[in-house]
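Below, subunit A partners subunit B and then partners subunit C, in two separate complexes.
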Partner chain A sequence: MKHSAFFWFVLPSATAMLLFIFFPIVSIIVQSLYVEHAQVIIETENCGPFGCTPTTMVDQEATEALRREQPLGRFAGFTTYLDRGHLAVNEVAAAWDASSGWRDFGGRMLNLPFYKAMAFTLTYTFIVTPLTIILGFMIAVAVNGAVRAIRGPLIFFSLLPMIVTPLVGSLILFWMVDARGIIGATLQALADDPGLSVKASTPLMWIMLMVYGVWHAAPFAFIVYYAGLQTVNTDTLESAMIDGASRWQRIRYVVIPHLLPLTTFIALIQLMDNFRVFEPIVSFAASAHATSLSWAIYNDLGGETRQLSSAAATSVLTILGVAILLSPVLVRTWREFSRART
Partner chain B sequence: MKMWTTAALGTAIAILGSTAALAACPVTEGRINIVGNEFPAIQSVAAKALECAEGIEAESNLTADHQKINVAGMSGNPAEYTSAIIANSSIVALINEDVIRPLDDLIAAHGQDIAQRQLITIDGKVMAVAFMANAQHLVYRADVLEQIGVEPPKTYEEMLEAARMIREQGIMENPVGGAYAAGWNLAEEFVNMYIGHGGEFYKPGTAEVSINNEQGVATLNMLKALSEYMNPDFLTHDSNATSAEWEAGNVALMNMWGSRTGVLMDSEGSEPVVYENTKVGPPMTVGGGTNPASTLWWDGWTVAKNIDDAAAAATFQALAHATSSALLNDETMGQAVWLMDGYKPAPVNEGVLAAVAMGTTPYPMLPYQGLLHTALGDNLAEFLQGKESAEQALADVEAAYTAAAKEKGFLN
Partner chain C sequence: MSIKAQEKPLGLKVFVLVFLTLWMFLAAFPFLWTLWGSFKVEGDFFSKADWANAIFGTLTQVETGDRFTGQGYHGAWIQEEFWRAALNTVLVCLFVVTISLTFGTLGGYALSRSTYRYAFWFLIIALIFRAMPPITLVSGYLPVFFQWNLWGHLPTAIIVLVAINQPFTLWMLHSFFKNIPQDLDESAMVDGCTRFQAFRHVIIPVMWPGVITTGLFSFLLAYNDFAVTAMILDQQNQTMVPKIASFLGTTQTKGNVMFAVAAVVSVTAPLFVMIMFFQRQIVSGLTAGAVKG
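And now, the complex of A and B:
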């Protein structure tokens, strides 16, 4: 392609990426380095239906003047990153000094919001991603082996979990696992424990969130693999059959190697998606048991007083986390790509 | 102050019934866009206000997530929302961000007939017009209490005792209800109970939090004792889920918002045995204190700062009309404890009126209270799950609040 043609070809998407991805990221990085001005508090009196009470309020005019002078707020450098709500360096050091052993240290770390969120986020990512890939592959092989006439409806039903809006899908599951819901009541009967409640137990809540994650994402892996299965070389498969390979051996030695690049692709997308786990935590009202980085951002912005710098710092940490997670896969892809060219 | 509020709300409102001139309605210029919470009383007010719009743009966005969007929706110029319906806690964020305008000149022009007690005056300027009072108070099942032979509890200790009897007699497994969902609701229950124990949230005259004390521990222990008589899923139950538990007949005692009791006492959604026996009582005290373990709230409306004068005038007039006696009819009368003239209390409102008469503390309107509320909501669940000590939970709240207050410039 000529350089000018290439330029015009990528211009629209490059502009969109610049506007909607690059600039917002620059903006949150800048935001995360600043904190608000020292508040000018004045003593005053509030009157309302329940009488007058002395109270304090923010002095609007003084604040306005401060903001005009320095619209971004006070420069804080990495203070927000290092405070208790994020990397909590002082608290981690204190926990290290005070703890009696690894177990105790771990417990103290999990009391800090960032590490608590990371513990769940990473567990979720590393359990849900492989399960999604395996389940998606199994569905794809099964659908591909089905009689042609019923494949259409089968594909439709297999895709349903992805079609359902995440918030709605998780709400439905949330009601089903309620102590009086169909799954919750069945579990109580199976465990012979009328007090058993999924919503009240941290391990069960974690399992439910991960089950939901796999249920929701498996159709994506399925459809990618299903498309890949259509491109498997039938000559190779037939010759494998003539050589006496069983169905399992054909999958293991022909199909899986053929689909490996797709697995890399799915793993990339799923690692990114799962690291940002958010909707099920909100829908399941699970924040008492599990939090994630995305939930922390939402929580910072959702209070009556918005904590923009804190949310920005968590966002930057999320981006760094995704970059670290993806680096092995990206490095591998790059190596394969270079090898293919030489 | 106690006498004043009793007079103003308990009886005077009912008797006054004035026939003052109504704010101009319909309005034909400007635009109206209201953001606010979602419960029957606010839905009635917003609908009434939108009726006033004649040939102008008028809409409302009522959602439980209103606090997440109102500051953002009013920060632009012109602001998306011309009015936010808020409560005494959430007005603080709007004032901190300077997105609402003083109403004095609009009142002079269009609002002469608004009752003085409705005006929320901050630092000498009217910033909001309140239209209803709200508080959490006792809701109980008269038939269940009769069965165990006790009077409606006046203290949380009596509530625990009644709950124990109901469970032991096999009437209900989890007789106590409560909006204990981790987050805002749980924090609100802590604030109620801490005030009931006579606690102070901050070191006097500063923004430095001090809740890790005897009262704080007593508060947490009482919350935990109550939670042991609740459905094990209590940390996921907000006001809606708690109301559903009540209507399902699973609960006999709870501390619930006055604004939500109307729904519990109507014939929709529950069996006659539940709604006929649902009664309200005054808020309870705790730990031998005299101050009720509850907070008083008002709900009111504001007018955005960053809008043109025509939109401000239209919004003001429509909402002034919607919160005048013109709103009151058989359907709306019981929806809330209305503050405007012409309101006649219904039995469903007795809990809130009693809360006012008992001199219940209004929810603190401090610029940094929202940060403490968020910190409480995030850090108390682990104690209630038995994963950490009360002292540790309170220390976590203080540390989380301090980090947030430093970022927002309230502490150095």
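And now, the complex of A and C:
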């Protein structure tokens, strides 16, 4: 394809991505280096019959003018990154000095909002992703072994947890695990503890969020594996059988190697999606027990005062996290591409 | 492949059966339960006394005189004006799907036909953009949108969602166009068509299966989005998903959880119908990316 034709064809979508993905990324990087102007304070003397007292007041006009003049705020360098809400350098150092051991240090770190969000996001990502893959694989093998006639309905119902809006799906589960809901009540009966409440316990909340994550994502892994199973070479399977391979050996040495490239694909997509975990935390009202990086940004942006600089700094740190997570894949793609060219 | 030796031993058969039943239960039961419960009063849906009340609607009968009640739906759709949110969702989805498919087919076609190095890099950059959590971009939009008075309007949300959709749409359509033989448009060009005419008269008539599949996923992305629409739209223009989130804040205190339950069922129903009609396309779309590994 000619250069000029290519240019015109990709122009609309390139413009859209440039304006609304690339520029915002530049914009958050810039924003995170600035902080909002402080209010301009003027000091006046208030003189009464008992002498003069100095009072301070906010000069609204001057503040407004300053904000209009430099809408970005004043340059602050990396201070936003280093403050308590983000990397919290001073607090970490203090915790390091004060703590008696690793456990204590970890506990202190979890009191800092950024590290708390980071801890949950990473735990969630690295627990949910493998479990999703395993469960998806098991469902795929089971459905593949089912009678052909019922496979359609099986796939239909399996798709539901994935297709339904994450916020809505997690709300549905949340209502069921409510102490007055069916799962919550069952759990109470099983544990023989009428006070048991998922909402009130941090470990239970973490488990619940991850259960939701697996429930939501397993259908994706299932569908991809199921499609992969349709293309397993039957000749190889049969010859393995003739050679005396047991059922398990056939899965282990024929099917799983065949599905391995698919696993890379699923893992890549799941890592990206789990790292942005956000909606379930809103639905489960879990912010007291578990926060994620995306939730931290949402929290900064919402509410009365929009803390743009703080949100921007968290966004930049999140993007760095995504980049680190993706780097092995990118390096591999790059190597394959250069190998293909030479 | 129905060979005797392939037949499963009984134990395995039972295990598979149990496992599948369990999974079906896990996948479908929550939705059926909520659908059933949405026609009850709150005292039944969240039953302190006995969870079986939610099935038989004991309190619903006491309070309304009937086993089923539409109170939740009435409250959500009319009292809390959920219809407005539904209308906004329809508009947003319609425009997002149309625009992103238009942009995506043009771009995806060019990417599938170009052999230059920059086409590869274009796709890689799109993949990196795909990995960005949308909420990280929102703090980049807000100051600009406030300054130019763009905040809160539906068109703004639509164009933002189109842009966020683009990387995925490009990847998907790129792999679909790869499967359309290159000879098709090249022979048209030999016959004297320009590149665009070849696209218009030869490619467009054969591209619909891929476009429909991609359109379904664009629709899902726009329909399910919470992070962007919650932050960019004002109260009047809210779509359904952020509206439900706002129910949680306001109505739970008033004891109207049932509004939220009814709204949740209302949001799920169209998706249910969609899977029923487009199951094959969804499955093929999910696997399209995987084929490339």
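To be clear about the criterion, the second predicted complex is superposed on the first by the 288 of 342 C-alpha atoms of A that agree within 3 Å, B and C clash if a C-alpha of one lies under 4 Å from a C-alpha of the other, contacts with A are read in each partner's own complex, and residues count from 1 in each chain.
Everything that follows uses one rule, which is that a contact is a pair of C-beta atoms (placed from the backbone, for glycine too) under 8 Å apart; a residue touches a chain by one contact, two chains touch by 3 or more.
Here the structure is a predicted model, which means the values were calculated and not measured.
**Student:** Contact-wise, after the overlay, does A:Asp178 reach subunit B, subunit C, both or neither (first, second, both, neither)?
**Tutor:** both
**Student:** Once the shared chain is lined up, is A:Ser170 touching subunit B (first), subunit C (second), both, or neither of them?
**Tutor:** It touches nothing on subunit B or subunit C.
**Student:** Counting only touches as set out at the top, which of subunit B and subunit C does A:Ala312 meet: first, second, both, neither?
**Tutor:** After superposing on A, A:Ala312 lies in contact with subunit C but is clear of subunit B.
**Student:** After lining up the shared chain so the two structures overlap, which partner does A:Gly302 touch, if you call subunit B first and subunit C second: first, second, both or neither?
**Tutor:** Both partners.
**Student:** In the superposed arrangement, which partner chain does A:Asn111 touch: subunit B (first), subunit C (second), both, or neither?
**Tutor:** So A:Asn111 only meets subunit B here.
**Student:** Quick one: subunit B or subunit C, who's touching more of subunit A?
**Tutor:** On the superposition, C touches more of the residues of subunit A.
**Student:** Per the contact definition in the header, classify A:Thr132: touching subunit B only (first), subunit C only (second), both, or neither.
**Tutor:** neither
**Student:** Once chain A of both complexes is superposed, is A:Thr80 in touch with subunit B (first), subunit C (second), both, or neither?
**Tutor:** First partner only.
**Student:** Check whether A:Thr121 is in contact with subunit B, with subunit C, with both or with neither, and answer first, second, both or neither.
**Tutor:** neither
**Student:** Of the two partner chains, subunit B (first) and subunit C (second), which one does A:Gly145 touch, if any: first, second, both, or neither?
**Tutor:** After superposing on A, A:Gly145 lies in contact with subunit C but is clear of subunit B.
**Student:** Residues of subunit A that sit at the subunit B interface in one complex and at the subunit C interface in the other, please.
**Tutor:** In subunit A, positions 178, 285, 301-302, 306 sit in both the subunit B and subunit C interfaces.
**Student:** Could you pull out which subunit A residues touch subunit C in their complex?
**Tutor:** That would be residues 1-3, 5-6, 8-10, 12-14, 16-17, 19-28, 31, 71, 138-139, 142-143, 145-146, 152, 154-161, 163-169, 171-173, 175-176, 178, 180-182, 185-186, 215, 219-220, 223-224, 226-228, 234, 237-238, 241, 247, 261-262, 264-266, 269, 272, 275-276, 278-279, 282-283, 285, 293-294, 297-298, 300-302, 306, 308, 311-312, 315-316, 318-319, 322-323, 325-326, 330, 333, 337 of subunit A.
**Student:** Please name which positions on subunit B make contact with subunit A in the complex.
**Tutor:** So the residues of subunit B in touch with subunit A come to 1, 4-5, 8-9, 65, 67-68, 71, 88-90, 92-93, 95-96, 98, 117-124, 130, 133, 181-183, 207, 231-236, 238, 296, 298, 339, 356, 362, 364-371, 373-374, 378, 381-382, 385, 388, 392, 396, 399-400, 402-404, 406-410, 412.
**Student:** Which residues, counting only subunit C, touch subunit A once they are in their complex?
**Tutor:** 1, 3, 5-6, 8, 12, 16, 19-20, 23-24, 26-28, 30-31, 33-34, 45-48, 51, 54, 102-104, 106-107, 109-111, 113-116, 119-120, 122, 124, 126, 128-144, 147, 159-160, 162-164, 166-167, 169-170, 195-196, 199, 220, 223-224, 226-227, 230-231, 241, 244-245, 248, 257, 260-261, 264, 267-268, 271-272, 274-276, 279, 282-283, 286-287, 289-290, 293
**Student:** Per the contact definition, I'd like the list of subunit A residues that touch subunit B in the complex.
**Tutor:** Spelled out, the residues of subunit A in touch with subunit B are 35-39, 41-42, 44-53, 55-58, 60, 63-64, 73-74, 76, 80, 83-85, 91, 111, 113, 178-179, 195, 197, 199-200, 202, 284-288, 299, 301-307, 309-310.
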